[in-house]
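Same chain, two partners: chain A is paired with chain B first, then with chain C.
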Partner chain A sequence: MKADTGKYGLKRWVGAGLIVAFVLCARALGLTPGGLIPPDAGHWERTGAFFAAALDPAFDYEDENVPDEADPIWWKGIKGVFLTLKFAFGAMSLAVPTALVLGFLGSSAWWPEPCGRRARALLRSVYLVSRLFMSVIRSIHELIWALLFLSAMGVSPLAGMIALALPFSGTLGKVFSEIIDEEARDASQALKAIGHGPVQTFLVGILPRAMPNLVSYSFYRFECALRSSAVLGFVGIETIGLYIELSHEEFYYREVWTYLYLVIAMIVVVDLWGAAIRRRLHTSTGGCAI
Partner chain B sequence: MSGTVTSPDDCLARVDELKRQRARSPFLRLSAVVVVSGIVWAWLSSTPLLGRLPAERRWLNVKNFLNELVPAPVRQSGEWSDALPWAWNLLTDEGFLALLMTFAAATAAIILAGTLVLPLLPLASRRLARVDPFGLRAGKTGPLAAMFWRMIGPLVRFGFVLSRSVPEYLIAFLLISMLGLQFWPLVLALAIHNLGILGRLWGEVVENADDAPAVRAFAAGQGRSSTFATTILPGVFNRFLIYFFYRWETCVKDATVLGMLGLLTLGKLIALSKGFFWDQMFFYVLLGGSVIVVGDLFSMALRRWLR
Partner chain C sequence: MPSAFRLDNVTRRYGSLRAVEEVSFEIKRGEQVALIGPSGSGKTTLIRLLNAMLSPDEGAIRVFDSDLDTCDAGELRRLRTTLATIPQHLGLVPTLTSIQNVILGQGGSRGTLRSLRDLLFPSRADALEIHTILDRVGIEEKLYTRVARLSGGQQQRVAIARALFQHPAALLADEPVSSVDPARARDTVKLLGELSAEHGFTLCVSLHDLALAREFFPRLIGMRKGRIVFDGAPDELGEEDQRALYDLSDEEMMADA
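On to the complex of A and B.
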């Protein structure tokens, strides 16, 4: 009963609490309504030029110094899209297997029953250590991982992929372990009862059933990996983000829009693809509540 | 059950039959082929995988880098106790303030996003935003209104897709060049991106919610938005909060990084100390990371309570 009144109380006060929180944060950050419009003539002009360029994306380079034999801009953009896809694919191919191992260690559905006190203590510590490990690797943003790896190893494709894969394995692993633990336990208990070991129970009784959810969540994270991969361009890895930053630096807004449209198209297509996959697997993105 | 299984052969035949009858989707198979070829291509085309530096040089770089992560006073004296005053100095100098700003920006952004999404949800719902919600007639509907109700759902949902398709870092980068270097671009970028994500997550909760109370309210003559506010919203409130906090956590992490564009969150301190003071940079990275780990534990407890 006590918990119930607590929840209703919470529901009533959440709205008011959020308004107060917003006002306090806005004051701390110095947000004023006036800040929502460009501050001076120069910024107005830039904003106007930027949005005007939206209707007129570049089909040729705005920079006149680009040699004639260079790739046409649309081809460069498409190459950028493929480079972005490449890092996302590479990173996910590292992250998903890692996350499966971490998700296995961080779940309790496969634990043998009955289980001695010492074995239980050991399993419990494995569970806690793997959960903590996942929490730590995903607590650092992929861009920061990228900065660290690039500084240590120099610019290389592998550095970019590992930088993306680390926090993604943490997130995937945590959600995987939750999906695994939330599956119905009838099959695994039946297997345990006829003498299957923990690993067999996991591979035969739990994993196949959890598969649709694991696949849809992995695909959802692939969409996130694509966005992150595009942003890796801003720390110097060659993806479409790098082209956007370079064109923007020179105020070539029409080129920026060409690349932007390509990024948006790429992500929308993958988003729709993911939705179609989820529909066929009868799953939702519910798993992303990490 | 038709027929009784008697011998092992029958058993195997039954297994074969079940296997033949299983649901198969050419679309899913094609998707699997695309994903596998994508992965193979990604690895084959990434050459040289480790970059162009010679191996010894790379190893030296890594060693130097790791050495530089040790706080400067410790490197001089060899005493780890000297790291404490150094760390305290970094915290009081700008660390605490940056941390506070990171939190404030994330909180303001997620509240803004949530507030903007809420009124859009009835318009995005596949069952409410139509001429005949839940298959019930909603009184007389003129041709214009009918067209509105046919178009609005797909439009709003596509709006969500668009707003989450551009990475927040990119939006912030573009907004800073328009609005100048202040916190609005950062807050707006996070809010725009999360508007799309909350729209999808909350939207799915609404689609999966129990219909019965809403159908009754609608049949009794309530309008679409009041049906949503009085019957659907209360039922899904706790799930909404769970997603809200999940996105808030992500916002804190993203706000940290968006500081790299020049606004005082931890990201700015990280970007500024990069290249010159690796030890400081690493300290700020760890500071940001530990805040997230603590937040993670907190939200785990909160989620358990809300469920």
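On to the complex of A and C.
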């Protein structure tokens, strides 16, 4: 049919356009396949050493100067994993309540009905401001927030936590407001129709309705927060990333791999745990969650 | 009998579309009325005008003793606590249990803090009353079951129970039986009529199914394209009226396909 070729024709054009754009970008950046190959013997050696160390992670410090009474490296790594967990958990404890408030302000399912012209204009501007605020804080990466906060407040766990919590509040809040508006319309309309007020509708109708998905999405973001807090170690915050960075600086690649394996183990365990939680939430709501 | 609902020349538009056009009628207290008409004829819009969720573009609506256009938000909310509404998709909170959903029926008059407490720790007296109501509508064993785990018919009963717990002066139900099989639909419509008689509340139900409406309601209001084309007892509804209600014009056939 005519309409069909039109549709696929458009898709073909978009596809071709993307390939052209890729080639242009690659040329502009000076990318060549040869860029993957180390330029000289010294680099070859270091790359080889790094990957060889993957098969031979350190069980003792490579650094000679570590005092004997220090924790063994695996214990230090495990403590680093727990620091990372604590840090991510702290950031999420700031981000989830903030996101709930922002998600409430950035959604419309709870608005009173009928809504007078002036009330509507007011609610609409609160809605837009909150949406805008969320997109601003999430469009700046947590690493950049961290650099800003660390230079303002010095290297402190709290500064790092706020830096991580900010963009996470933005992302969580945006998704929360969408979950609220998409899922809870029916229930909230019904409650408003029998005299519930706006805030009441939100608390007793919308929140319980959206809860399984809010929890499940928060958990997914917790997994992202874990990876991010490991990375924040590179700017000096004490998580496992800091240990990786310090060992890497000294070319102690076998130590780096010890820490990396611990990070991988942590992520896998949390992923499995999260998947189990999501499965439970979704079956217990009778499939009404996404 | 004084009137429960009174509409004078009410029009409600969506953009240029007149969903309800120059509608006037009166429903007396305690009356049982079925709103009939094909889909798109304006039944849902009319029900949302009756419970003040929508305001009319033209005309006046009087509900019990209030003129809707002079009510402020607080008065509207108070008025709504006396009108039970069962929307087409029931509007239950599927993640909550039956008792939690039913107890929200009085949320409007009890306020936010009390409602939160009711959800977490329902009082003995409420639990007893709700048990009695669920018994009356035939699902007393589902008191602590999450609504998402109930069948469509059982969810409908929970919605009816929520309305009853409200102790309403009027019950508005929008196509309450559109999603269940015919046998169950008949039981539900019959139950609504009986409950209205037992408790003395005014009943206004929109129905797709003309046969059901004729069997159980002493008065039918027929709508077509936003206008009232019939208002009377079932035995006054002749062939001609039915054609005016349901026969599709060629133009509508095209739109339906």
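FYI, the second predicted complex is superposed on the first by the 271 of 290 C-alpha atoms of A that agree within 3 Å, B and C clash if a C-alpha of one lies under 4 Å from a C-alpha of the other, contacts with A are read in each partner's own complex, and residues count from 1 in each chain.
One rule holds in what follows: a residue touches a chain if its C-beta (ideal position, glycine included) is under 8 Å from a C-beta of that chain, and two chains touch if they have at least 3 such contacts.
Values in this document were obtained by computation on a predicted structure and should not be read as measured data.
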**Q.** Clash-or-fit label for the pair chain B, chain C on chain A
**A.** clash
(Q) Quick one: is A:L246 in contact with chain B, with chain C, with both, or with neither? Answer first, second, both or neither. (A) neither
Q: Quick one: classify A:I78 as touching chain B (first), chain C (second), both or neither.
A: neither
Q: With the two complexes superposed on chain A, say which partner A:L18 touches: chain B (first), chain C (second), both, or neither.
A: first
Q) When the two structures are overlaid on chain A, which partner does A:P112 contact: first (chain B), second (chain C), both, or neither? A) second
Q: Spot which of chain B and chain C makes contact with more residues of chain A, would you?
A: B
Q) Touching A:V136, do we find chain B (first), chain C (second), both, or neither? A) first
Q) Stretches 20-28, 56-64 or 128-136 of chain C: which one clashes with chain B? A) 128-136
Q) Can you pull the chain A residues that chain B and chain C both touch? A) 284-286, 288
Q | In the complex, chain B residues that touch chain A | A | 25, 27-28, 31, 35, 38-39, 41-43, 45-53, 58, 61-62, 65-66, 100-101, 103-105, 107-108, 111-112, 114-115, 161-162, 164-167, 169-170, 173-174, 177-180, 182-184, 187, 200-201, 204, 208, 234, 237-238, 241-243, 246, 253-254, 256-257, 260, 267, 270, 274-275, 278, 285, 288-290, 292-293, 296-297, 303, 305-306
**Q.** Residues of chain A that touch chain C when the two form their complex
**A.** 112-114, 186-187, 189-197, 199-200, 203-205, 208-209, 211-212, 284-288
Q: Sort out for me which residues of chain A touch chain B in the complex.
A: 3, 7, 11, 14, 18, 21-22, 24-26, 28-31, 35-39, 43, 46-47, 50, 85-87, 89-90, 92-93, 135-136, 138-141, 143-144, 147-148, 151-159, 161, 227-228, 230-231, 234, 241, 244-245, 248, 256, 260, 263-264, 267-268, 271-273, 276-277, 280-281, 284-286, 288-290
Q.
Residue numbers of chain C touching chain A in their complex, please.
A. 48, 51-55, 73, 77-81, 83-85, 87, 89-96, 100, 104-105, 107-109, 111-112, 115-116, 119, 146, 148-149, 162, 166
